[in-house]
């Protein structure tokens, strides 16, 4: 009966890649559901995507104002129930600001916005988006952000690394790490992290812009496939 | 004794007399301010109108020509493309980040006000040499500002160009083009909607502050001089977040059928929007300035009327739809204010604090401004260096190629476009690393193709030819992707029109644009004139920038510009003559900007364009790249740099090698063809009567041209990629 | 009711690298200033609060600074009272 | 040589739109704070200068503030001396 997952995509004022995420979900065979920041209703979705963009202009700090939106209270309890939540770019920033993911994202080391395709090395398959991938494997996905440098205090960094919360690192195509492959100066080349349970994941790169070979790379496909699996598993559970 | 008020506001004595004649009395302060902004060069086009009228504006694809907020062309199936280009050069010279950012905001609102969703931005820019710290500051600030605004509103920046010339040190030029998509029957024009007497004019978006008060006259219509400090407080700060909300709310208002008219607020602010909207409706309006939301409480009527605060729109709304409009705007967090009611007759009656502060015919502001046929004089021909093709050249040709590739105008602009979100909206089939950008139309296989080009150096030597080349090159850039060029918009960047030489350059450029657009069947749907790019004693080269729009029936056919693999046949299309006048080689290697620009034969150009479109349609081409600045040597190098596939070619010619390599003869392209398609391609070229020479093959790690050039492609790539970062002092 | 004006200074926690500060510091020698160090760039937020008394106003600003004006994960803040009118 | 520590406060000129301040102010009511107004967000820059005396140090910071730390076209600044060590 319910074999296409219902995946919600939240629109905040200033969200930009919300439509793109809905398209990617549809292209991958899911059912996208538009969610509105000011509502208190997740419309019965099985998974939530917080899309990229510049919510509230990224004024003050990126993601700061959106993290306090009404719908975020619902998303918090949704996440606490173990349901899959994926934050992309601004969505990642929002999840960090909301305290659902460790660390924070600050200005790129270059101080410049950067838009380019990068390679990501998968660090764990214990998450709602990497279940189908093998650690060490690399995928190609674009980044586009001005504030994507992931940082944390040294204690927090130790915990994140120690507990295996890093999901993706910027890398060369063969998985090698190095500053040349790190577009924003992120600490330890961290591109994405998860919560302890692995059901909440955030990353700066844009998997929703990496599903259609006519307009970009395809490294985002396995992420959506895994997210759908997780969504269906939660829906039947 | 101080000057009379009208002169301080930039109005000439005869213009003042004209106002008195219109009103039948002396204008008051607010009225004088309104006329001064509406009759400024920037808003009234008083010096350029008489020439602009001669441009071809009609064609089978044109849905909306000049006169509306932006032009529109038909791309079939009920889809329309809306596009327009505008300058924001003077504000950018003072505060590059905000100047460029608000330039993006302004052109985007023009597109929205047509009812179209903005889908792409292009940014033709001109700066002084990057060896100067101030030019670097301007360059970095402008690029950051365009990215800062464009990225934040979710419109991809997919193309543009950057040229460098000394005169731009004190006069940087910032042009921005925006492309939008709409359903043809949903376009918002003065024809498509019918406002009613009694309908409201609703101002929505940002509050009004003292931004750019008199900006149109002070910033855009007077030459910048040292101590431009007085105009400084009027710099405007952009709020891209507010613009994003405006985009979404406006498109929803139109989709829901809630509007009887829509106009953006740009130069001359409320005054311009009110008078143009009322004039288009054929009505007048009762205006109440007391309800305009203000950022500063104590603003005077003239300030409220002429403020250029950004991120505002004016809608005409039937009273029965007002509540729905207010609710929709509130949902997007936007303020609304009913600032006027349409009335019969043509008078704008403006009240403030209970008193009438202005009472003028709307049309006299919007349409009946002055029009000048300014004197023109052809300058004495500058015979400085003669024809560079006659200058003996004994140097090493490998060195010459390296020098030309490292010229900042030729070198890679990756440093720039890496800072632009080129992929948001998910439809960017080809971005800035292509000769023209290709944006797919959602839900279809169609690709909208856009390129922007200006030819300052050619314009300096011959403004007529310079303008023609700008049109031809942009058409070629569109055609090499496989798209048919449809129509253009433009931004005309010139010096002070009150100088007869500048006016002559302008008229000649218009004549060139007219002839080229007629010859290539690409009518002009709109544009923008930027005069007074003249300070520090030097005027810029006459630089009409052309924004060409084309249509690719199936975006999947798009042909890349670089060689996709080894083992392909390389063809040079078109003829090469000894034409180095105004060329990159002559400037970069010989240090000469002299002679005449290359000739341009429009029938040959058109044959080439048609051949390219046909060949791509028949999937005969593996790659296609136009031969432009730097000639065939640079074109071949760029084809190789893009993918790393080298080539070995031999160019049959009677010309001296350096002329053959670097001549910028028009109407040429370099294409690669897979061996199985060669016969069919040659037959097609013959059918279109385009000279077609098989010059060699792709493959190997080196770029080899006869005995003249032999360099590893990796070395060429390094030179081409590192020039701009190096000039900016970055470790590379 | 009285209007209290405050300034809130927000800065990155000491251990964290400040990319803006670093860039500014790096650009100074080229302009002839070789004697500058420790450049850190934070935020300076001004705002006015209406409240019955100063203690209430201050408590609210502290609360706002913790909950939205700063991100305690990476930032510290300081609240200064400027005036009461 | 002595090290002088300064703070430079950079703010948008009074009449100019402050989009950041506006957005923050607009978000506060939804968080329950309806009594806040006049939010303006500027920069707070800390730095240390080595100089022979205080006047030299201060003059240099003023110069730096005009030429690189702020853009006088749209911003004002204020220099505060913090300490000499």
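For reference, chains read A, B, C and D in written order, and residue numbers begin at 1 within each chain.
Note that a contact is a pair of C-beta atoms (placed from the backbone, for glycine too) under 8 Å apart; a residue touches a chain by one contact, two chains touch by 3 or more.
Computed from a predicted structure; not experimentally measured.
More C-beta pairs touch across one of A-D and A-C than the other; that pair is A-C.
Between the Cα centres of subunit A and subunit D there is a gap of 35 Å.
Work out the mean CA point of subunit A and of subunit C, and you get 30 Å between them. One inter-chain figure worth recording: subunit C and subunit D are separated by 10 Å, centre to centre, where each centre is the mean of the chain's CA atoms.
Distance between chain centres (mean CA atoms), subunit B to subunit C: 41 Å. For subunit D, the set of residues that touch two or more other chains comprises 19, 23-24, 27, 31, 41. In subunit B, 239-242, 333 are the positions where the chain touches two or more neighbouring chains simultaneously. Among the residues of subunit A, those touching two or more other chains are numbered 56-57, 59-60, 65, 68. Chain contacts in this assembly follow no simple pattern; the graph is neither a line, a ring, a star nor complete. Residue ranges of subunit D in contact with subunit C, taken from their complex: 5, 9-11, 21, 24-25, 27-28, 31, 33, 35-51, 60, 64, 67-69. In the complex of the two chains, the subunit C residues touching subunit A come out as 12-13, 15-17, 19-20, 23, 67-69, 71, 73-74. Contact residues on subunit A toward subunit B in their complex (touch as defined above): 13-14, 16-17, 19-20, 23-24, 52-54, 56-59, 112-116, 142, 144, 146, 206, 208-209, 212, 214-216.
Every residue of subunit B that touches subunit D in the complex is listed here, in rising order: 94-95, 98, 206, 209-211, 232-233, 235-242, 295-296, 309-310, 333. Residues of subunit A touching subunit D in their complex: 56-57, 59-60, 65, 68-70.
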